[in-house]
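Look for chain A in each of the two complexes below; its partner is chain B in the first and chain C in the second.
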Partner chain A sequence: MENRTRSRAWILIALLISLSALLSGCWSKRELNELGVVVAMGIDLHPRGYKVTAQIVNFKDAGKHNTSDVMSVVTYQAAGESVPEALQRMLSEVPRQLYMSHLRVLVFGEAMARQGLTDVLDFVARNHQFRTDFPLLVAHRSEAADILRVVTPIESIPANSLFSSILVSSKKWAATGRITLQQFITQLDRGGSDPVLSGVEVVGDKTSGTTDKIWHTLKPNAMIHHSGLAIFKRDKLVGWLKEQGSKTVNYLLNDVYTTNASFKCPDDEKQAISMQLQWVKSRIDVVLKGEELSGFNVNVYAEANLDSVQCPMDISQSAAISAIERKLEERIVDVFDQHVSKIQKRYDVDIFGLGEVLHRRHPKVWKKYKSDWDKHFKEVDVTIRAQVKLRRVGSIVQPLKKDMMNR
Partner chain B sequence: MKTVIVEPRQFFIWTFGLTVGTSVLVIPSSLAMTAREDAWIAALVGTAINLLMVLLYVVISRQYPGMSWFEIMEAALGRWLGKLAGGFYLFYFLILAGTLLGNLGFFLTSEILTETPIEAIQLLFLAAVVFAARLGIAAFARVGELLFPWIVFFSLSLILALLPQTEWTYIQPVLEDGWGPALQAGFHSAMFQELVVLMVFLPLTKQSGQTARHYFQAAGLGGLLLTSIVLLSVLVLGIEQAANSTFPAYALAKTISLGDFIQRTEGVLIALWILSFFVKTMLLVFAQLQGLQSLFRLRSYHHLIYPLAALILIVAWNTYLDSIYVAEIIQKVWANYSFVHLVVFPVLILVVGAFRGKRRRRVT
Partner chain C sequence: MNDSAPQSQRPDPEVPASLDELQASLQLFLGDSSDVVYRNIAFRRMPGLIVYIEGMADPRHVIEALLEAKPDEREDSPERPYETIRTGVITEGQVNETDSLEEVCGDLLGGATMIYMDGCRSALLVSTKSLKQRAVQEATSQSVVRGPREGFTEDLVDNIALVRRRIQHPSLRIRKFKIGTKTRTLTAVMYMEGKADPAVLSELYARLERIKLESVLESSYIEEAIQDERYSPFPTVYNSERPDVIASAVLEGRIAILVDGTPFVLVVPALFVQFFQSSEDYYQRSDFSSMVRLLRYFCFAISLLTPSVYVAVTTYHQEMIPPPLLISLIGQREGIPFPAFVEALIMEITFEVLREAGIRLPKSIGQSVSIVGTLVIGQAAVEAGFISAAMVIVVSLTAIANFALPAFNVAISIRMLRFALMAAAAMFGLFGVMVAMIMLALHLSSLESMGVPYMSSLAPFKLSRQKDTLLRLPRFLRLRRSGRS
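Moving on, here comes the complex of A and B:
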C-alpha cells in the first residue's frame, strides 16, 4: 500500500516536471514586438511579376497623438513573381514578421487592374491571415505605391485615413463604393453581374507627400482624393465613372445611404435648389413579354430634406413643395437615363446586376440569355421612375432671398 | 455496464451534439455545391431523412427492449453473424472517430494555429478524450450538461450576429432545376449525422418513452441549427463562396461585424466547433468501448482505452491525408458507405425482428 502511494507520488512529480515543457508557450505564438502589422498593401505590375508596397505600423509612435517626430508608419517595397514571393523578399528589409490580419485597405495600381485581379485575389482569399472585410481600391491614373506614400493629416496612419474616408464618403456622399474583398469575389464568380471598385488618386505633388511636413502646414500640397468608381469586366478594369455616374450606379445597387441632389431654379439658370436625400431605395423589376425579356423597370424612392434654396420662390404653399418633388424626380430620371445608357453603350458590362435580377426572378427566361448576356445587356430597355417625397424644409420656411427681395 | 443510468435530458444533449458536431463546419459547402441556392431546402430534407432514421431505430429498440445495438444485432442475426455485423460497426465508428480527429487537426492548423504541428493538437485533444473515457459514461453525461449551454450560446450568437449581413436575394431563384439537386444533396448530407451511434446508449436510459421523444426532438433541433447555418452561409457569403470555402462556417464567423465594433469574433466562436467535436468524438469512443465489451464479453473495458486512442490517432493520420483527398472521399464514397450502416443494416434487422416477433406470437 505504502509502495503504491510512493510510486504515485513519483508519477505526479514526473508529470509536474513534464508540464514545465509547456511553459515556453505555444508554437504559433506571435509576440507584439515581433510583428510588423501591415495596415495597407498596394500591388502594381513589375517586369518580374508584381511589385508589392506595404504600409507597416511603427509601434513607437502609434497610439500617441503625433507629438514626437517619428512617423507612425513606414512603407516597404519588394517585387516578385507572385505576391507571396514579394512579401517574403520584403523580409530582407523589414525587421519583423509581416502580419496581415489588420489590413485596412488593399490598393491596386491602374495598370495592374487593367491586366486583371484574379491572380492576386486568389492569394488574398486563400491565405488564412487575411480577413475578407476590407475595402479594395484602385489607384486612378497612378500606381498603388504612390497612394501608400502620402502622409495624411488628421489621421496619422494613412491606411486608417483611407479606410475611414471610404466609410464616411460612401455613407454621406454616395459617389464612392465600399466594396470589400468578399463582395468583389462574389460578383466576379456570379453570372449576370460585373463588379465595380472605388478609385483613389493623389492630388498635388506626389513626391512631397512623403514627409511629415504635411502635419505642419494648413494646406497640404499632396492629398489622397476619392475619384469615382472603376468599372470592371470580369476582373479587368475597363473604365472610370465620374461623380454623377458613380452615384447612379450606387443608387441602382441600393448602396446609397444619404446623398445630396440639386437642380436649377425654375427662372434662374445660375442658381440652384439643393436637397439632402435620405432613405434611398431602388427596386429593379423585370418586364417580360411572354417568355421573352422586354426590359427592366427601375423604381427609385427617396425622402428629401431641403438644404438650401437660392431662388426667390414661395415655399409656403404645398403646391410649391410638390413642384419641387416633381422637378427632382425629373432630374433623377434624366441623370440616370443618361448614365445608364452611356454605360450600356460604351462598356457593355452589367455593373448594375440586371442579369442577376433576371436570373433570380425568372430562372427559365435567364437560361435563354445567359450565354451572351453582355450582348443583350447592351440593347436592353431600362426604364427609370423616381418617386421623391419632400418631408422637411429645415429650420426656416421661406428662402432668405425671397424675404430680402420683398423688403 | 447496465448500472449506469443516463437521464433523458443528457441523452438529448448527446443527440444534439452528434447531429451538429463537425457537420456544422463542413456541410454548407457540399450542400451549396450540389443544391446551389436551395442548399437550405436540402438541409431540411436531410433533417427529415434523419428523423425517419430515428423512427426506424426507435421501432427496432421497441422490438428488443433493454438491448444495446451490438446485442440487438446478435439477437437478430444470430451469434456469429451478429458479431460480424458488430465488427463492421466497430470499424465504421473507428474510421469516423479517426476522420473527426483528422478534421479537427486540419481545421485548426490551416485556419488558426498554422505553425503548430498537427500532431500536437491531435494529441492534446486525444488526451482530453482519454481522460474523459477513464472517468466513464456517467461523468461524460454530466460534462455534456455543462457544455450544452455554451454550445447553445455560441450558436445563437453566431446566428444573431450574422442577421444584419444577410442578403435575402441570394437564395433566389428557388428550385431553379427542380427538386432533384435538393433531394440528392439532402440525402447526401443526412449520411453525416450518424445517429445510429446513440443506439448503443439507448438501453442506458430508464424512461425509454421520454428518451425516444428526446431522440426525435434533438435530431430535429440539431437539424434546424444545421439548416440555419447553411441558410446563413448562402445569405451572407453567397453560393459561390459558400461552395468554394474549405470551412464555410468559419468564413461566416469571420464576416461578423456589428456596428464596426464587435468584430473578429471567430477566435471565440471556434469553441462551438471544438465543443461539439468533443461530444461527438466521446460518443464514438464510448460506442466502440461498449461494442468491444459486448462482442468479446469482457468484464470491463478500461484497459482498452489507451490502445483505442492510439488506434484512432493512427486512423486520423492515415485517412486525413489532405483536405482535397478527404473532400473527394466524402463526395464519392462516404455517403454510400455510411448508408449501409445507417439504413441497410437497421432495415435488415427490422425485417428479421418482425418475422421473429410473428413466429414467437404464433408459438405462444
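Moving on, here comes the complex of A and C:
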C-alpha cells in the first residue's frame, strides 16, 4: 500500500517535471515562413546617424528559377542613430522578422568607410545572429545603397551574385580581396598591420539597374564591378589601389591562388607573353642589424604555365624557357617595388603586415618600434626577390606565329 | 494425481469399470460436444468403446485393425485384452494404458483415440493425431535472394525436424513443456548442449515455469512473459520463421523456443546488433554483406532522426542550412498554414494510416490504397499548399529507410520513438533531439536479455567480438579466433 502511494508520488513528480519542460519549450522557435532573410546589408552615413539598406529575399518564387515577373529580392531602407535602431525601424515596413544569419555580404558606403567602421562593426560582431565569415565590401565612389539596388543577371539574388563573384575573382584573378568580418576585426585588434577591403562600384546608370529589365537585355545598363582594394588606416578608409597594386598586396599577403601575368616580348615591344601563375608563395624575412631593424626581404616563389605567346621565339630551347622565367621575375620585382614604395610613401599604412611579421619573429625588437610603427614603415627598406619556375607550356610547344613565319 | 481433492461437478477421475459408466462420465467431462465420437465396437465378441475427436484424430486404422482381428484359437482370454491389442493388433502409433480419466481426456483432446473394453478398470490410448497441416512453404516475412527458401509451419514436430535436419549432432537437445492452462500449448526449448550458457538456460526454464497464462496462441505470448524489460520499446527476444536462422542461432549457443501453432520461433538472448543481421549476410560475400550491414545502421539513424532533425533545424537552427537550400525551403513553405512540427505529424500519421490500411486490405485493394496515398497525399497536398514538398521527401525517406531494416519488431520501435523525438525537436530543437538520444542510449545500455547486456560487444565493448557486429568479416578471419581460444 505504501509502496503504491510512493510510486504514485514518483509518477506525479515525473509528470510535473516533464510539464515544466513545456513552459520553456518552443522558446526561440521561428517557422521558416516567418523569416525575412537578409542576404545583403549596406550601411551609409545619414544626418541622424546611419542609413541601413537591407536586401531581403522575396520568396514568392525564389526557390524556382526566375521566370515570372516577381523580383526575387526587395530592398528596405531605414535610418537611425545606430544600426540596430535603424533595423528596428525597418520592421515597420518589413512584414517579417529580419534574419541575419544568412547575410552574404556587408557593404559600406565610401563616406561611411572614411569616417570609420568600428562603431558599426561592434554591433555586427556582438550580435549572435551574424556569422563572421561573410566578406566586407566598400562601395567605391557611391553609397552602399546604390550597390544593393542593382539587379544582377545570371544570379537572380544580387547578394549571391556579389558573393560568388568575390569568391571567383579572388581565386582566379587575385586583384580583389575576400576579407571577412573575422579577419578585419583581428587585424584591427592587433598592431603591426592595417586592413584592406575589397571595393565594388556600379558601372553604368545607377537608377536603371533597379528593374528586372536587366533580364530582358543582352547588355545590362548597370553592372556591379569589383574595383581593387580599399586601404584602411585602422578602421578609416584612406585610399584605393588599382589592379596591379591590389595584386601586389595579395601576393605579399599570400592570398593569391591563381592569377595572370604578362610582359613584353624580348625583341618586340608591342607583343606580349602571358602566363598563368599557379602556386604562388611569398615569404617575408626580417633583416636585423644587431638589435635594430634594417629592412625586410620578400621572396616570391611562383610556378607558372604558359598561356599565350605572341612573339616568334623558340620555346623548345631550355634557354628560352629560362629567359621567360627571368623576364617574369624582373617584371614581378618591378611591379612590387613600384607599388610597395608607392604605398609606403603615399599612405603610411602597413597593409602588408610587415610589422606583424617583425612582431612574430622578434617580439623584443618589435617593442621598440611598436608605438610609432607607421612612421618606421614609411622608411623601412623592402627588398623584393622573385623566383619563377615555368612548369607547363601547354598543348603546343612552338608559338603559332613562329610556325607561320617558318613556312 | 488421484489424491487431489475431487472438485465439484467433476466425475471421479478414475476410469470406471463399465462401458456405460465410462461414456457417461466422459460426456460429463467433455460436455456434449458434437465432435466427440463414441463408437461401440466388438473385439473378439467382447463389447468395447472407441472415443475420438473428429478432425483431431484419424482412428480409421485402429478401428479396421480391431474389427479385422481374427479370433485367435490358442488364446481368447478376455482377462488381458489390452495386452493383445497392444502387441498384436494395433499397427501404428504409440499405445498407452492408463486408469486416470483426466489423462484420457487430456490425450483425447490432443488427438488420441481411446479404446475401452467393457469391464476393464483402465483404457488404451492410441496416438492417432492427424491435423490438416500447411506444407512447408517459403518464409514470407524474411525473404532472401540467396539462401534456403523454406520457412517454419504451424506444426511443432515439423519445425523441430526442420532444425534437426540442419544440425545432425547428438548434442542438440530439445525439452518440451505444456504452457497455458486452457490451450495446453506444446512448447519446445532447443539448444546445443555444451554451447548454450547453462545460466541462461536455467533462467529461461525458471521463467517458463513461472508463466501463468490461460492461453498461448502465438509465440508472442511467451515472448511477453519471458522478456526482461516490460516497458521498453525495444524487443529483447528475437524471432524468426526461417529454420536456417534458428539453426545458426542454436549453433552460436543461443536458445530457441518453438511454440506449437505458429511458425515464429523465439531466440534468447537477443542482442541489439542481432536485429540488424539478416541470414543473407552469411550467404553473400563478406565485403558486400559488411557494406549492407553498415547501410542498415545508417537506415536506422535516418529512420529515427530525419523528421525530428528536419523539424529542429527548420524551426530553430536556420543558420545551419546552406543559404541556397534555405532559400529553396522557405520558398516551399511559403503559404503553408501549419508549423513544421504539425506538418510532420500530419504526414507521419497519414503514412502510418496508409501503411496499416495497406496491410489489412486484400492484396488487390491494398495496391489502390497505396496509389491513392501517394498521389493524394504526395502530390495533391503539396500542390494545394497544405504540406511542403520537402516534408514529403523527409517522410518518404524515413519510411523507406524503415523498410530497409531486416527485423520488423525493431522497425516498429523506431516508428514509435520517432514521434517522441519529433516532440522533443519541436520543443527544444537540436538540443532536445540530443537529450532524447542520450536518454535512448542510456535506456539501451540498461537493457538486458536473459541477463546478457543488450548492447553487448558494443557496450561493454569487446574488440574480439567486432568481427560480426558492424561488419561481417570473412569466415577465415573469424575461424582463426575460435581455433585459438
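Criterion: the second predicted complex is superposed on the first by the 382 of 407 C-alpha atoms of A that agree within 3 Å, B and C clash if a C-alpha of one lies under 4 Å from a C-alpha of the other, contacts with A are read in each partner's own complex, and residues count from 1 in each chain.
Heads up, the rule we're going with is that contacts are C-beta pairs under 8 Å (C-beta built on N, C-alpha and C of every residue); 3 or more make two chains touch, one makes a residue touch a chain.
What you see is a predicted model; the values in this text were computed from it and never measured.
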Identify the partner contact of A:T186: answer first if only chain B is touched, second if only chain C is, both if each is, neither if none is.
first
Is A:N33 touching the first partner chain B, the second partner chain C, both, or neither of them?
second
Touched partner set for A:R131, first chain B, second chain C, both or neither
both
Once the shared chain is lined up, is A:V57 touching chain B (first), chain C (second), both, or neither of them?
second
Which of chain B and chain C A:R361 touches, first, second, both or neither:
first
Who wins on chain A residues touched, chain B or chain C?
C
Intersection of chain A interface sets (partners chain B, chain C):
26, 28, 101, 131
Taking the complex as given, what residues does chain A use to touch chain C?
21-22, 25-26, 28-33, 35, 37, 39, 57, 59-64, 99, 101-102, 104, 129, 131, 157, 160
Taking the touch rule as given, give the residues of chain B at its contact with chain A in the complex, in rising order.
110-117, 120, 169, 172-173, 176, 237-238, 240-241, 244, 251, 254-255, 257, 260, 263-264
In the complex, chain A residues that touch chain B:
26-28, 101, 128, 131-133, 167, 182, 185-186, 189-190, 359-363
Which residues, counting only chain C, touch chain A once they are in their complex?
314-316, 318-319, 323-324, 326-336, 339-340, 426-429
